[in-house]
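Presented below are the structures under discussion, each in the form of structure tokens.
Next come two complexes built around chain A: one with chain B, the other with chain C.
After this line comes the complex of A and B, so read on.
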């Protein structure tokens, strides 16, 4: 029924199967919407946040999706600034994942602020001494950039392309995309960094306070570095997941291997820098404030030294090395294991730098308070995941996201040779003259 | 956000923060304006970006 909307030369499941899957994910999404409405109508008393967990599940999810969405800016940077042209085969998906991650982050913030109608205050009455103001500015601008990067991809639907204005707009936006991608990389550097900077400048929180380079604490650079390192891993993981669900090869192995290698080296170098930073904090920064680093991992049932070991060794060095060595990188099992470990690692890092930072007692009368999110918090955190799945489903069905899909999956019908000979659809972020 | 607001101060913080914000917004705005105007002109000239593109 919707075959006229499906890209030429590719095969999709039947409409009823697609709608059934949409309905299943949509049902979970409605649960999240219900919880969101509860939070908006009844207020933040629907959450289990308290004085020790003013930043809780939502802010962790926010920082985690922003780090995981870093694949979009870093892939764009590599393609346009460093000339890695092969990335054009995966950059559409990186942009889509980035768009989902950043729109999800804004949705979560819209729930978390409690008074979403006053969200514009941070722009209008900006506090220029706040790292979070920088985050708000860059996050919003970068989301606009991601939307601009997604628009030509959406306009690439074959029915929309029949309208001359939209066809011209798609072409012209492709041509100007390098400017937008470079702007996006600039914005990402600052907002990823400032999210880390928020923890690093808290001199009243010795668990996260770090030394500075000019006005930027080390955490500023580590956050940007980790987003550039683990973001591409997340793009690869979602690509792998999509291939498994659709039972199709969507991107050629050489492209996957190249992105995995870049991600591996970025993770390995990042985790060395993170280790140096941690050792300096252990033996210089914390003692200078009259504290022993082990103090922060005692007297509570959850936040032990295992977190540090897991983050740095199991979810840092291990995935980095697995992606660097050719044998493990090119083995699908070890590669996917490395991607999963990396994703867990960066999510764990954001949890530690946000929740553990604020929960660690700093006064003699303070105690370690534990936190279990309410179902409303959980449901509203799952909400953007369902939204992301739905957007991926619709985009994959109706848009030419994977330029190599036709070549890798020729349709086995009498028309197959004709379909296979069709030119590749151009990636959304391809400069003029470089399109297929 | 704007110089005529009561809380605006002409200091380094405002130059850097708001300067960068307005530069970025200008680049995005000019980029999109260019694309839209060029697309209107191309359409009026009978061009079809789809054909050139694929």
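After this line comes the complex of A and C, so read on.
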């Protein structure tokens, strides 16, 4: 029924199957929307946040999706500025994932603030000394850049391209994309960094406070670095997931291997820098505030030394090395394992920088406070995930997101759009054959 | 009005709380509630959700009976100045300039109608002196009539905190202005908690004015981030570089030690600001 909208030369599942999947994800999304409305109408008393946990699950989710969405700016930087042309086969998807991540972050922030209608005050009454102000400005600007990068993808739909104006607009926007990619990379450096700065400047919180280079704490640079390192890993992981769900090979292995190698080296170098930062904090910064580093990892039910070991060794050095070595990088199992570990690692880092910072007591007569999110917080955190899945489903079905898809999945039937109505093929064999 | 202020030396309002005198009766908390229209809920058992601009902590020396000693620590907002005047932990991070540092008074203000509830200031404050309005304030029937007309009640979704009863400063300032632009006298501006304390444990005044009692007690050293020269006096978490204006006094060393974090081999009162603190 919708075959006229589907790109030529590719196969898609039947419309009813697509709509059914859409309805299932949409139902979960509605649950999230309900929770979001509760928070807006009844207030943040719907959450389990309290006066010790002003920041909680949402801010973690915010930081995590922005780090994971870092694949968009870094892939764009590599392709358009450093001339890694092979990346053109995955850049569309990186942009789409980035667009989803950043729009999700905006949505989460919209729910998180106590007075959402005053959100514009951050621009109007801006305090230029606040890291959050820098986050707001750069995040908004970069989201606009991502929207500009996503528009030509959306306009690439077969029917829209029949309109000469849109065809020309798409062509011209594609031509100018290098400028936007460079702008995006510049903005990302600052907003990723300032998100790290949000916790790094808290000189009243010895767990997260870091010393500075000029006005920027070390976490500023570590956050940018980690987003550039783990963002591409997330892009690769979502690509792998999409291939498994659609049962098609969508991107050639040489492209995957290239991105994995870059991500591996970025992770490895990042985790060395992170280790140095941690050691300096352990033996210089924290003691200067009268605290042994071990204080932050004891006398509480959750935050032990295991979390440090997991973040740095298991989810840092290990995935970095797995992606650096050719044998493990080109083995799908170890590669995907490395991607998952890396994603867990960066999410864990964001968690401790937000949640453990607030959990640890600062006044000697205070105590650790733990936190479990309410269902409303969980639902509203799942909400952007469902929105992302829906946007990926629609984009994948109607837009030529993967330029190599047609080549990797040739259709025997001469009339491709008709083929789209056929029952789901079993392209797993083809896919495996291609990847071998 | 600004002209009047600029003609005078800047004030530095602060507080000295003698912990050896405090009995933990809670009068200061009650006075603060009533004075500042602090809202409350029917069930206030969860203290992580209770708004208490001034909270009294109970601390002990950790020794078993009969050596157990108890001390009560009233904790209002510390009105931190930071390592350079105005770089308070909370003021420096607020993205919308909804909390501000007055160079005329040293008081950290909170602008409720500008706060959009991001709670970054709460994350920044190591004293937990900032409170979020998780609920709409609902007063028991008839109680609206007893609210103070000088303090605006706060709406849901914004942060609030102790203001050193700033409205009292405004009233005293206006009075002094109308009476010939004279300076505000010490007794004209006192916080509600100071006046309510039955044991006289709280002393409030200008830390820049040697005539004020708080100055004589604390003996602040302006060349050393206003660190107290009085060996009995200390500030909470002084090592973090927050430079607060609330001083505590005690003759008991374990109490002074409880005011900050120390490594095992360190003695209280001998440590300066940490490296890298702004």
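Following the convention adopted for this analysis, the second predicted complex is superposed on the first by the 413 of 436 C-alpha atoms of A that agree within 3 Å, B and C clash if a C-alpha of one lies under 4 Å from a C-alpha of the other, contacts with A are read in each partner's own complex, and residues count from 1 in each chain.
Note that a contact is a pair of C-beta atoms (placed from the backbone, for glycine too) under 8 Å apart; a residue touches a chain by one contact, two chains touch by 3 or more.
Note that this is a predicted model, so its numbers are computed, not measured.
In the superposed pair of complexes, A:129 makes contact with chain B and with chain C alike. By the touch criterion defined above, A:171 lies against chain B but remains apart from chain C after alignment on the C-alpha atoms of chain A. Of the two partner chains placed by the overlay, neither chain B nor chain C lies in contact with A:2.
In the superposition on chain A, contact is made by A:55 with chain C only, not with chain B. Of the two partner chains placed by superposition, only chain B is touched by A:141; chain C is not.
By the document's definition of touching, of the two partners only chain B reaches A:179; chain C does not.
Once chain A of one complex is fitted onto chain A of the other, the partner contacts of A:121 are limited to chain C, with no touch recorded for chain B. When the two complexes are overlaid, the chain among chain B and chain C that reaches more residues of chain A is C. Overlap of the chain B and chain C interfaces on chain A: residues 124-126, 129, 133.
Those residues of chain C that touch chain A in the shared complex are 46, 48-50, 57, 59, 73, 89, 92-98, 114-120, 122-128, 130-136, 155-159, 236-237, 239-242, 257-263, 266, 271, 274-278. On the side of chain A, the complex with chain B involves touching residues 123-126, 128-129, 133-134, 137, 141, 144-145, 148, 161-162, 164-165, 167-174, 176, 179-180, 183, 186-187, 423, 425-426, 435-436. Of all residues in chain A, only 43-45, 49-55, 112-116, 118-119, 121-122, 124-127, 129-133, 136, 198, 201-206, 209-212, 284-285, 287-292, 357-358, 362-366, 369 touch chain C in the complex they form. Chain B makes touch with chain A in their complex at residues 1, 5, 7, 11, 13-14, 16-18, 20-21, 24-25, 27-28, 31-32, 34-36, 38-40, 42-43, 46-54.
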